[in-house]
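Notes follow the structure.
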């Protein structure tokens, strides 16, 4: 991040010109991800079919791809969209949900990685496994701590020349050289399904706003989640009330509050 | 509308005999649309597969089709369902989400329009583009005002001999001759994803209740949304709290309150 | 149930070792079902594709299959997953949503039943129709009372050597010999879409926790819903506020409160 007003400035820019973001995400995340995007100020479009995914990627500001509920037909659309985003010079973000769980996923994630995402966001188990190490992930849930994934994240970022974000209690973002930790959020967040998937979409929104700086875009999206999550968590009674309070917090978050409440540190 | 109690009477009739409505809608809208239908008093069924969509349309009171997350396989089911609804004399409602965005969508919407929907509901950009004019829509979001779409709506209604509804800050409904404007709602509504898609389903519920009067059915559904939206908006703190308060308002809305709070004017 | 602490003990065990449950459910239920599972303490994974559904079932603690938004491709994945669960000795739960509505569904449910689910959960109309009797179901909604489905449930349980649960105002569970009724819940529950589908997933979580006792697993899951539903219903103002309060209640439910508030009776 350039300085302590980068996140606030990017939030201001994003809202001033809401980016169209093509989100190819899973069935669990579709609704909450769209609501997160609208609350934050972006313009999401869930377009996945192979007949149009590539054409749509070319007119979008950014693309996000999440393999949570993968199938063969959807994978075709994902590959076409990623190729089209590359051809059009648009950044795309990869969310490798449980990519280690089956042979089908392992093959799919290898094909997607070849198309050079600008940013990869995952939980610790996903990032560790993506770097070729032994992770303890179960299904879609991480059983590793973010700290254990930092070295894997740096390796991945260098190998694929992209930004890698590991999200958890304290998030970690690196481009292979510099790195940041982002503190905040709430213990309720892992109890609400698909918030990580929704965050991937929001990373896409900021990447569309500042396509030449995927690192700042990622740090900003994660900081927005950390601050709004902390606000919502302070008044929620459980995961159900957290969920709608988080959307209210996202919508009400000002650039000034974002910069003031941000807890970003060099790593 | 016949008089100032038409909306209330239709709401009463709908609830007294909850219509089975087949909703072929998008993945983002599925859950909130079903919840809107149940809260209002209807009986939704999300049935889309080509193997059964036609058979199911024949036993439903009405059909709604929304192309938000279109794919080739789903389009086959949509076409079969619309044909079957026509054969069985059941009204069907078309929601042409972002139909202008890709060649795949433009072709699909042309095929669907040939099957003569009883009602079309869209945002201003969608209706303007559907009438063959230049719109400013971006992705699934309108960037045109409802007023700018009124002439397009009248033309569409005459050409396709159907009712056309344009929803936005103040809604507009026409059958090509008479027209109504419906005021109400809340600025939070466009910040909650898929409320327009959910409204399309509710239009289907009222069309099932009064199949011979798609104009009154449409005006009533939009008025229910306008009044419940206004009630929820008055006490909500953001899009997250608006969403559940809107469902509570829909469920608690009485026919008497609906008629008293309705702001319907001739246009 | 062994005694009055069985439900509480199973809830404690389930949370101490959150089971990975593969949930092949419908598009309407995906999000709320995952949130219900996380709030209760389980680890859901929505994995359906034919390329991986079987492989994933073998590594899951249990499998649940719901045909709400069935299609030909998904049916292939369901059949592969159920076969794989059987081969691996893992219990699987069947939710026969509106199986009577079309020829496609009737054929699919016959194929699924041949793969011997450990547990079937449905509403009264679904269970009556599954036993080959005349039901009054409309679309996905029951129009029969649970009491009217008790004999059908006993027959089904004996014929398929499984546990059958009929849920409604007061639930009924039988293994063909013994039976229990579970009282509780809230009138708001049928106004919130996909809570029954979500309950099916939770039945899977308890079946994974105690695979040799599907009867106790089912009674426990239904009791968790009955108690949390009653708590949420007592403070909700409508189906919208019920929904998030229910998630809060699930997350906050202690084993002690569960046992104290349970209203389970022999039938």
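Lettered A, B and C in written order, each chain numbered from 1.
Note that a contact is a pair of C-beta atoms (placed from the backbone, for glycine too) under 8 Å apart; a residue touches a chain by one contact, two chains touch by 3 or more.
Model, not experiment: these values are computed from the prediction.
In this entry, chain A maps onto chain C through a rotation of 120 degrees when their C-alpha atoms are superposed, rounded to the nearest 5.
Residue numbering shows that chain B and chain C use the same positions for less than half of their mutual interface. Per-chain Cα centroids separate chain B from chain C by 33 Å. Counting partners per residue, chain B has 27, 30-31, 73, 243-244 as the residues that reach two or more other chains.
Of all residues in chain B, only 18, 20, 27, 30-31, 34-35, 38-39, 43-52, 55-56, 59-60, 73, 243-252 touch chain C in the complex they form. Those residues of chain A whose C-beta lies close enough to touch chain C in the complex are 26-32, 68-73, 98, 101-105, 138-141, 190-194, 237-241, 243-244.
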